[in-house]
Amino acid sequence: MNTSHYCPHTPEEIQEMLAAIGVSSVEELFAPIPAALRCSTFNLPVGMSEFETYAKLQAVAADNSQNLSLFIGGGFYDHIIPAAVDHLSGRAEFYTAYTPYQPECSQGTLQALFEYQTAICRLTGLDVSNASLYDGATGLAEAALMAMRATNRTKVVVDGCVSPIARKVLATYLSNQDAELVELPPLDGLLNREELAKQLDANTAAVLVQYPNVFGAVEDFSGLADQAHAAGALLVTAVYPVALGILKSPGDLGADIAVGDGQSLGNPLSFGGPSFGFIAAKKSHIRNMPGRIVGETVDKNGKRGFVLTLQAREQHIKRHKATSNICSNQSLCALRGLIFLAAIGKQGLADLARLNRDKAEYAKARLAELPGVAVLQTAPTFNEFTISLPKPAEAVVAALLDKGIAAGMPLGQFYVGSENMLVVTVTEKRSKKEIDQLVKALEVALCN
Amino acid sequence: MQLIYEKSVSGRRGVMLPVSDVPAATDLPQNLLRSETAGLPEMSELDMVRHFTNLSRRNFSVDTNFYPLGSCTMKYNAKVLENASNLFAPLHPLTAFLPGGAELCQGALGMLYDLGQMLADITGMDEVTTQPLAGAHGEMTGMLLVAAYHKAKGNKKKYVVVPDSSHGTNPASAAMVGYEIITIPTAPYGDMDLELFKQAMSGEVAAVMMTCPNTLGLFNPHIKEIADIAHSHDALMYYDGANLNAIMGKVRPGDVGFDVVHVNLHKTFGTPHGGGGPGSGPVGVKKSLIPFLPMPRIIHDEVSGKLQIQTDNPLSIGRTANFFGNFGVMVKAYTYMIMLGREGLIQVSEQAVLNANYMKEKLKDWFDLPYTQTCMHEVVFSASKQLAQGVHAIDIAKFLIDKGYHPPTVYFPLIVKEAIMIEPTETESKATMDAFIEVMIEAAKQAEADPDSFAAMPVTMPVTRLDETRAARSQTVCCLG
Amino acid sequence: MNTSHYCPHTPEEIQEMLAAIGVSSVEELFAPIPAALRCSTFNLPVGMSEFETYAKLQAVAADNSQNLSLFIGGGFYDHIIPAAVDHLSGRAEFYTAYTPYQPECSQGTLQALFEYQTAICRLTGLDVSNASLYDGATGLAEAALMAMRATNRTKVVVDGCVSPIARKVLATYLSNQDAELVELPPLDGLLNREELAKQLDANTAAVLVQYPNVFGAVEDFSGLADQAHAAGALLVTAVYPVALGILKSPGDLGADIAVGDGQSLGNPLSFGGPSFGFIAAKKSHIRNMPGRIVGETVDKNGKRGFVLTLQAREQHIKRHKATSNICSNQSLCALRGLIFLAAIGKQGLADLARLNRDKAEYAKARLAELPGVAVLQTAPTFNEFTISLPKPAEAVVAALLDKGIAAGMPLGQFYVGSENMLVVTVTEKRSKKEIDQLVKALEVALCN
Amino acid sequence: MQLIYEKSVSGRRGVMLPVSDVPAATDLPQNLLRSETAGLPEMSELDMVRHFTNLSRRNFSVDTNFYPLGSCTMKYNAKVLENASNLFAPLHPLTAFLPGGAELCQGALGMLYDLGQMLADITGMDEVTTQPLAGAHGEMTGMLLVAAYHKAKGNKKKYVVVPDSSHGTNPASAAMVGYEIITIPTAPYGDMDLELFKQAMSGEVAAVMMTCPNTLGLFNPHIKEIADIAHSHDALMYYDGANLNAIMGKVRPGDVGFDVVHVNLHKTFGTPHGGGGPGSGPVGVKKSLIPFLPMPRIIHDEVSGKLQIQTDNPLSIGRTANFFGNFGVMVKAYTYMIMLGREGLIQVSEQAVLNANYMKEKLKDWFDLPYTQTCMHEVVFSASKQLAQGVHAIDIAKFLIDKGYHPPTVYFPLIVKEAIMIEPTETESKATMDAFIEVMIEAAKQAEADPDSFAAMPVTMPVTRLDETRAARSQTVCCLG
């Protein structure tokens, strides 16, 4: 039998085990499956050694353009990841464990998640956090559902400046719920407050905004929470956690719920996943939170310890009445987020945020000097901004890809009439030299 | 152990950042800036590394302990999978959506496409979406597909049928798609009660969600009949792939009437569980459901031989997540699958079932076995015998912790009193199982001889038994600054 | 002060500590160094962030030809390394600990080294092993010194078929000792037994041979031990541990001491290091062994445990009378060797050895078909063999390097008159396709 | 824990090998084949991984515990160093020696050359060889250079002078090069007795080997005078770089009269100690010794700007090891050095000295301090006060183990009775040191109050105190099959 990887038994052991069970072959154990239902098996190829398999994966990896100079973001950001993040999240005790159902032998995961929740609370300026959601986009949808539960209302108003992908996920999540989703078209790349006022009514559960928004703008949301609250609605803010190193926190803004994608905190781009979603809220909403929550308690001797708590919200207890169906979350990615924040540190995150903005402002100023190029935003931006080009952005981006530069995300695919618009992202990893090369290459592309 | 915040020292710096090579920008307006710097840890790198290294040492894990947590398939996580996944770390997902972008990620798209094909083949489905980020997310995606199917056909459907042995995620996922739940009790023989099922079925049922083998570890021999009945009402059959590890190469969900199936890559295909995730829950569907699959979808262009990306489709349910799902997890599953190959995966299921039946046979004299027939990959005992002495399943669990074993799943499935659900997986050796069996028998004996001794357990861990009520009452879920 | 990586103190803490010490500046602590001796410091460049540093190292790595199709060996072999080897030797508790001076809190390292010693004993068929030496070459020198101590003699006879690099290291080690080193010129690529007989006299401490030898030959050394012992000398064999998967062990041959390089057991090529040297011997020689040795014992409760033992041989006790000056050895590399052997397993090492030989025999046969190419050895070979070419090997190798193939090691640099000789190595990692490409490319090169 | 051999099962296979794609060769003649397959472990990959993971958990280490092991400089090992070193894993050393080979490894050669230049700069030397594989190996290489120098000059030399506080490797290395040893006692003030040194010097002395600061942590203020005296006899000054961490940017061995110096990259330059190695011991020399350096030597060709390899030199001592030394270790040290840079390395020494003096000040009231002056990077106490109660230095060590601290070096240097040698290193935070100081004080108090309690320690480890005598007597150094 021992023809395969990771199946340990010798033929002798298999015979011993079969004898103990009282059958004469492994096949007999499959007798409960009626013969008529049995398959003639499947057609996967023959297995390989680890060496050959890894070589094959190296070839697969090599068949991608992984060395582009990245000026794209759109929710996934090319940030530095300290080496310690990989080494520590690579501790087998972390990554080969599962959900800490048995707290006494899982204090490592539990304490780390408690520390993660604390980091998220402090970053967002809110009171409570869960132990992670799948990603920022599903987090936004969960926040909308949470707000609906909290307010017992069914209307969700989302700013059209929120990431288009996240809005699609939101729409999909709400599509079969008893819910009404209203999207506010952007006004000059900002929230249309007049339209919002019209949509705030007695059935409005939540207003969903994002900062920096999809165009890169860091909007002044002063008064927005009051406006929502006056109508009995909650304010939900989607945030970019690195930007929170310097930007006003959701808590500062009076938001009730904050969500975001944690990829930028120590998780590699990895073609879009795994990442993690975070969600934080005012304390009063804790029982409406989706997902796992770790809480502090004591043991029989009064010693501090940590457990999964408020499980009565969850699917394994509450089944169809649970606050969400989520079971496995993105625990290891959240741990990476915590390690990243601990490695960079309090002042470090602020510095990192400033460094991003410095690089982006430099790029913005340089690009604005090019003939025919204009910066969209009048609002301040963080590490992402939108420029309009004198020709279709798609063509320009294609031309720069040939030079190894991913110059930005063309907006035309998301907003009608934005065919000449390009969102450019500049993280701390982009050197001045790379930025100058982008500017030069764009100049050439615009001349052609 | 102190919290990392308790170890922080004001003003201490961790990892250094690059020095800026561009001019400093003018400050943002004050009204956009946060009032105070977020109270993150302030640690030296060594202190930070020591903190997390020591935290890790407070966990049981597959690499340190036998971890027979039923329904979770805690098999060995091959180390090469980690290396393989790291190969793709720098690939930005938007690359694929730039003009001509598919051309720039043929490797990644091809891997996803091949993974989908292999999963379709194993499950007997026609196409697979890799977008769902975990099992429950796959369930929700699957139910969205079911809803879209009925909507397109003009069917008026209101209910989803689940057996009472199902995972809690099944009804919860159906509820997220707006369905009401009809729960069918389990018959004395351990399968969903067939008669009650028949009575429950009607034209208003959108789907029947089944785990097969179910959470009792039993394969339902009437599954085809159930599917036929469901289809006669134009209800779709949903297969919860949580227990796929039991049946690879033996039976394919698609062949016995299932229309939608999700697969937990982190269970059957050996990707690590990460202390709670990330998982990955690709969903396979029969042809009739392909038009509703979420976007983006990867299409193999027969003419060019290249992979292309479809981003829009009027019937699509939309998007259930960013991009293509938990890509890094899929790299691991793909690596696992091509490494084991056809024969290897069949052997996985065979030895998973062998191990569970061995465990069943060796322990059935010591623990109550509510369902005695041949099991598949896991076996469910009850501590009801021990309960007579005042020893609960949770007490047995704590006994095991002190002996260096991660406990089996306890109190699930809900329909078994004092359930103890053991899933050894195929990667455990006989010696490990024999040692565990011995300790389980020791627990049974001690429950007879000295039932009071269990209350103090565990004693070998950094903490003794924790007060869960207090946690729920105090709601202390973060550390105030 | 806090300007640098890894120095944790804040300015406030430094002030507190200085106050506790009773000085006013750190500089005061350097007062014991006379002012006249103080340097005006050194000229290293300014430091960098981790991100920039790693990017620099990536550039340094890229400035090497690391993707050659390798048909070179010469003591360093391109073997598979199971992924688990990196993961397990990468456990911080292993690699950030030091020599296990305090045994109770070092049982991990100690038990692993005991298991390593056992693996080496079983592989070599000898009784005792130490916990590692630096590498195979210094191991050969240490074995010679050990034989000199054991026999109280000063003459060392080494076969000229032993690796030329190892012989150079041997000569260097013996150069200032009271020792006479005799090298026996090879006879048709084999040990010259007649010459050996002449050199065996009452002062001969040891005969040093290697198998497979530098030309690749696996020589029949039957009777050699008896011959040496008859003269009162010890037989020392240098061995390639992967070949021992199938080849007669030093113990089988009656050797007294066996040494070898452990790189091929789970250690990357890494431009030649770190690797490890192993040394094993008959039990009677244990007190003459160099380096650390781990021994089994019991604790106060009779429980088995492991300690460094026979330390009276070592420099930290015996100082200039020690068996060797070695202190730090190559512990982590030896651990990798053990993990490699445990991963591959008993039958696996035999299979691996066969696979190597199969690949090499295929290549040998194909190469021998080329016009003007002849195989040197009449003796059997393992995964390495010598061919003679119709033109200088250096030129041929240079031509193939241009095609990304490292075709073999030209022998001319080591043996006068061997300018047309090439040693070709074929490990299990070379696919049939690569071998066929080598043959094809060599054919082309020989025609030009 | 069972030995891996005790866990083996006959016939069990581990990692699978590639299937051969070539014909099987005919068997080797029987007389060349081993009589039986070597009795290596037979484990599943999971059992093997679990074995070593659990073994690792039985170690103290820098990443888990404060590890103030004097004379070993157990500083933080930055994780990026591991990643950097892995970048060079596939580079075959013979590549450099193929025709035109230097051209194929300019990156690696350049790194080695730059590393040598930086080390030369830090130590005040003119050229560095990276070949030596550890500190002691560097010492031997250095002494071979000394011998070659004298031989070339026709000097007849017989002795090497070392102070009695020296590391055991110093006399052992000198002995390996055929020298006899003259040992100079330490004067009451902690430095080598200057008068006795002067008396010992003669034309027959080949070299004086010094560690400076010495193993008492003290910098010898007469070092220049000592060097001058040595040079007056044409004896060379050898610098044992074990304690270089104390003086970077403050004093350079080359500037105060040393001719040869070895550097322990695994101490001063942050490469991990690996449970006993690998280390790396590059040797720097003054111009007069360059002709004798071992081969191969890397040369920077000014004209082409390329690195070249010199493989032969008539005066060279030959080769002390394969190729260029422990290259992977050097990559780590190089990474560390360019990352910290000039200011960073100076700060390293400053804070290493600050930490040691803080430790000294805080503990001097509790433990006997034989030498009271300002120390450099480490401080040596004596447990002589405690010995009066019957508590030995080793007992204090075991007390510390139970408190979660790796003990300091004990019983070294040999000249201090019951020595306790503490080297905190610069990477430890004040909080860590304060906690350690508290525990040391607790030990001192307990030695007064309850000296008998120490004999049972440690109690928190997998084993209690081990019987070293029995190990030496039984000589069980491997497990019989």
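Annotations for the structure displayed:
As written, the chains take the letters A, B, C and D, and residue 1 is the first residue of each chain.
Throughout what follows, a contact is a pair of C-beta atoms (placed from the backbone, for glycine too) under 8 Å apart; a residue touches a chain by one contact, two chains touch by 3 or more.
Remember, predicted model here, so these are calculated numbers, not experimental data.
The interface in B-C, A-D or C-D that matches A-B, meaning over half of the contact pairs are the same by residue number, belongs to C-D. Taking B-C and C-D together, the chain pair joined by more C-beta contacts is C-D. Annotation: 48 Å between the Cα-based centres of chain A and chain C. Chain A and chain D have centres, each the mean of its CA atoms, that are 46 Å apart. Between chain C and chain D the centroid-to-centroid distance comes to 19 Å (mean Cα coordinates, whole Å).
Contact with two or more other chains is made by residues 4-8, 13, 48-51, 54, 80, 82-84, 86-87, 90, 92 of chain A.
Residues of chain B found to touch two or more other chains are 9, 11-13, 15, 17-18, 44-47, 49, 53, 57, 62-65, 76, 78-80, 82-83, 427-430. The residues of chain C lying in touch with chain A in their complex are 49-51, 54, 80, 82-83, 87, 90, 92, 429. On the side of chain D, the complex with chain A involves touching residues 9-13, 15-19, 44-47, 49, 53, 78-80, 82-83.
Chain B makes touch with chain D in their complex at residues 7, 9, 12, 44-47, 49-50, 53-54, 57, 62-65, 76, 78-79, 427-432. Contacts from chain C toward chain B in the complex involve residues 2, 4-8, 10-13, 48-52, 82-84, 86-87, 92.
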